[in-house]
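Chain IDs A, B, C and D follow the sequence of writing; residue 1 opens each chain.
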């Protein structure tokens, strides 16, 4: 069943830890009373859930960058689109509990004097429709963008800059209030999901479990691709694209498939992220954010999927820690980390352990 | 000759004073030094309304001491002593003011700030003061001064004002000033009761682009008099056509100016990214360093703001260039041939530079002053005026481009740069010290970024985040123009700027920018190597 | 009028749309004995004519050597045949039924044209076995590649190719670690896995020792017959050792064609090679 | 080897699990959360507020603390990242157990924090002028509501400057949009023709104002006195004013009245071309009275820089903090519910010589001051309201909200009580 994990010690460890966490965290949060030394606070649960969503995003980026060699500086866009799809569902669940008490329209639409929910919001009150959109919208965007770019063989730096332009354009668009996505404020003040209150501990634990499961499944799926012949071809494309073409593979098709799949994963990560942090706004489209998440992968170690997970956890954890403990140092630390890792750890932290293994 | 003016079109206040006076003081306005003294004393009142009246009285006193008082007031240099309530003009000294009495014009020595109370002016008063000064300068010997004085009079001209202008017109010798007064008088004639006068004025003004004319004609068009209505309709149509044309010219100028900003910001990147292949995410921060250098230079020489900008250009080049060389030596040289890796490392550097600046200069924006010669505008006609700072920046941009182009094409450094960028191993084999060339090239690109920072400090914020506003645009310009091609960057920057500005009126600023981005994305699909792809053997 | 003509053209009854009448790449029709037709092909880059009305034909099973000075257009010619470069004019047919100019690189490869690059290009991060596995003929769509599992026959096939190229002993070695010559062979091995009808081999013996060269020569001659082979090479000794028929390329067109001896005695060839 | 690596990985993840879980013992201090961005785009404004809070807490400790305990500031950096604001709030309340949070600047950060404060029953003091249309039991709005800034400013222009034509220019986000909406209906109610109102929105950090300033100039040349009401935010202001100056639009022709430009923003601008333009605030550094002088001196001593300015949101924090201290003393505890009840009705002197009173709707009474920009980067007050204006959460000029009131005392106890329907919309 788990043939794809053969020889992947990092992956085995990751799945093991995830399954332990899925059992342990809920117990420690819900069963162990507050004040007990082993109690895991809801704050921590949500924080971990957020990290898991980020980790899934990092895995998605690693698949296209580490394995296929496409440095996407626009994966934040797919993440945000998935997040918006989820946010729209959550927004429509608020119903008449908004400040204006309008049962049909979210607050910001009342504020903009809109009379009815615009067409592109139709259907988002249905959870399953929204979930389909979570995958479909980022997937479709990636498909269209990729189809254009890969067919005309835009590669390397050019492609990176184009993905950056893509997310930048989307950011500007979503900032506009006329777009109908809440402008700068984005979507927030969510109340419940599938009828369960987002503020209750059990919902938060459930979201945590969902994130862990999504990360595990996403990881396995990526791993399955990586170990298949397709995975080998993907790496071959990264190394020598022409050669792959001359032995008869449709490079553009393969790139498109992987890129789209990765975008869908990013969208799912976004959908898991939004209910846990409670807000989605155009800041997620910011090009700097996309660069930052590439850096998670670089620090963790590219072309090792578990490395991406590791990187996402470490960078975000140090962000959480440092922005609380030593705010002034945070940017220095992050900046120095980028420089040092690129200079001295081209294979990231995962590369470190590999080196050790090789030495042993 | 084109003239520089600060525009103001309001009623000269001495005329206003003439009309208001009966209601204000006595039936016969006091004239001469008594009136002057009274008015000066009244300036000390608390309410702005009353001070307005006092200023009016001051002007109508027609005393020759009036003008310096008005000017001092306008420049916030008019005070009264707290103790004796003597109105004085203060000149700032090291630790206070050296004051001179207004009435006797005798120096009263020095006074500290706490001994004086400023006679405050507000917006409205300032307007009145300026108009008053303008009116008093109508008899100035210099024609430029007279011209600007006349230009200040656009607006509501009372009959008395017309009288005086007409009288002045007789003696006026300068053709420019005469023309201006003529227009003014014609505008007045538009509201005349005599239809012939009106018709004559409409005919005379049918080429004038002044907004006042337009407003008046707009009213006349609805006149019941068929002939007047038709004539002003025709004139208006002609004017509108002219305006539409000049609006286009103006938009083109705006586009050029935006383009020049884009080119300036991108051109350093065209070197570091285009020629060397380094995806320099710290490029924006190098621009920022240039802007901060300008700030520091201005702090060092506060007396010479005009000069400081010129000094800042080489200084910024050196500072940013040095930082660039440092970055190259410490980080980038380990990463050649791995362009995407340079992206990550330089992104880290950009964060560090930002935070460094934030630590040294605080997160607040810094104020960089605009020197006199860069403010104001060049008036070509009432419908078209080009701002000096934009004009200078366009010229500056072209100059920087030309110099850079010559450096790359004509100097031995440029030759080495091109050699190294095309074939590193071969260049090395031919005795070019590649690592030295790399460092210098990167330094050159960074230095140019610094120079761009000097220019940008004149139109936007100088703060720790300023670099981020330009980095994406810069990359777009370079990629659009074609990596490795300086001409491409120039043409690319200007065409994007112009396209943006022509779209803005109907699409709005944001949508225009989005459309430009989408256009670039699609364009790159068609021409993956940009507008002017670098030539060379493919493979 | 022209619109009407267009509509008429679209609905001509003797024609069908391209998508209905897909070219059948799997079967190349060589009933006339020729496998490659290159006719009147020209291409220029920035005004420089790299290929100038080039004409030549390759017979089924033939081993043809192409020689010519630097810049004669050899690599460009290969680029055109394999779909990397589109010519400005002319036609290139694979057999009688396949128009190569309408196809993409992968389609051409799938149709049975294999190419070895001038600089040996193998997948350096993969081992030799994987390199060959990827090159293996078969359905190369995204999904089938994802689902692909090696059958025992395929295993044997890879093993036999490894045998041919003399790399059986190091199946699990990373290709990046191979010597220059070994990489050349691996690349030829990858061509064989594709099972092509026509092999285009660009400078196969560059950087090889004499021994290796001999071995390569043997390999190429043994391939001819079953496959058609076009070899572009600088090394005259090597060409002499394998070639039956030689074409000399100069300034983008064929200068001379014939046996090695004929070509060597051709006055114009001598001029070109010895300089005017 | 395998186990070793597993250990390493396991160890790392285990530490991750453990670190945030440390149990913070509730000691002898009263903790105050300071939630202002110290990095990112908003650091420019918010860092000063963090320093203000540190100063106030230090001062209070010198006076002997509160309820016999020392105050302790817990400073976090939400890094101008809105989701991070929510996360940090949760951390402050749930992990650090702070008794009150002073923080946020932008509307979106407040919106992001709001659900968390309500869920965990925290206490937030929000010090910036804002768009209204919101009221929460857990939030005290110490900045101006639209009726304490925008409306009086427009009154001033209309009555004193006799402005007839209006340009409402703002950055495209909720504060300018709401303010402009309120102003538009206010102006129309005052008889201004719709043709005489021009509304324009630009994105954040807009830097190329050539077209818009040209449009404003054109709009202003129609023969009627024109003014610009600017809700342009932060960084976009510098290029905007520069362009105005360069295109020769002086404050005497077309004055600009701004709601987001204060002393601190001016310190980063070349003020020469700005002289005479206006701003409406509830506090100016130049106001002369004893409290203010004292405050400025303390600030200069604390920050060790004589040139640093003070501004309106700082005053809001001063008022908010003093009120909270009084309320805690009155309630005798820092318990959030008791403090919230104690807050209403508390009065403290403001820095402009008047008194600020906390109203039932969690807004303050504030004087409104109109100031003209001077060359030295200070404002000179040219007009002010006779008395303090009570803040109104729900604008009387907006369709959706004119029937709403906010009252957090019994018996209404509701943030959006509809006077017509006589019911609370938020009742669940």
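What we mean here is this: a contact is a pair of C-beta atoms (placed from the backbone, for glycine too) under 8 Å apart; a residue touches a chain by one contact, two chains touch by 3 or more.
Predicted model only: the values in this text are computed from it and were never measured.
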* To do: Name whichever of A-B and A-C has more C-beta pairs touching across its two chains.
  => A-B
* Which chain has its C-alpha centre farthest away from the C-alpha centre of chain B? -> C
* To do: Please work out the Cα centroid separation of chain A and chain B, and write it as a whole number of Å.
  => 45
* Could you please state the distance in Å, as a whole number, between where the Cα atoms of chain B are centred and where those of chain D are centred? => 31
* Of all the residues in chain D, which ones touch at least 2 other chains? -> 38-39, 172, 201, 203
* Per-residue multi-chain contacts in chain A, two or more chains -> 172, 175-176, 328, 331
* **Residues on chain D engaged by chain A in the complex (per definition of touch)** => 1-2, 5-6, 8-10, 12-13, 16-17, 19-21, 23, 38-39, 75-79, 81-84, 86-88, 90-91, 94-95, 107-108, 111-112, 114-116, 119, 133-134, 172-174, 177-178, 201, 203-204, 399-401, 415-416, 418, 425-426, 428
* Structure fact -> Residue positions on chain A within touch of chain D in the complex are 9-10, 13-14, 16-17, 21, 25, 35, 37, 39-44, 46-48, 50-51, 96-97, 99-101, 108, 110-113, 172, 175-177, 183-186, 188-190, 199, 277-279, 281, 283, 310, 313-314, 317, 320-321, 323-324, 327-328, 330-331, 353, 356-357, 360
* **Residue ranges of chain C touching chain A (in the complex, touch as defined)** => 82, 84, 104-106, 109-110, 114-115, 117, 121-126, 130, 133-135, 137, 140-142, 145-148, 190, 193-194
* Structure fact -> Listed in rising order, the residues of chain D that touch chain B in the complex are 38-41, 43-44, 47-48, 160-161, 172, 201-203, 205-208, 210-212, 214, 218, 221-223, 235, 238-239, 242-243, 245-248, 250-253, 255, 264-265, 267-273, 276, 278, 372, 374-375, 377, 380, 382
* Structure fact -> The chain A residues in contact with chain C across the complex are 225, 228-230, 232-233, 235-236, 239-240, 242-251, 253-254, 257
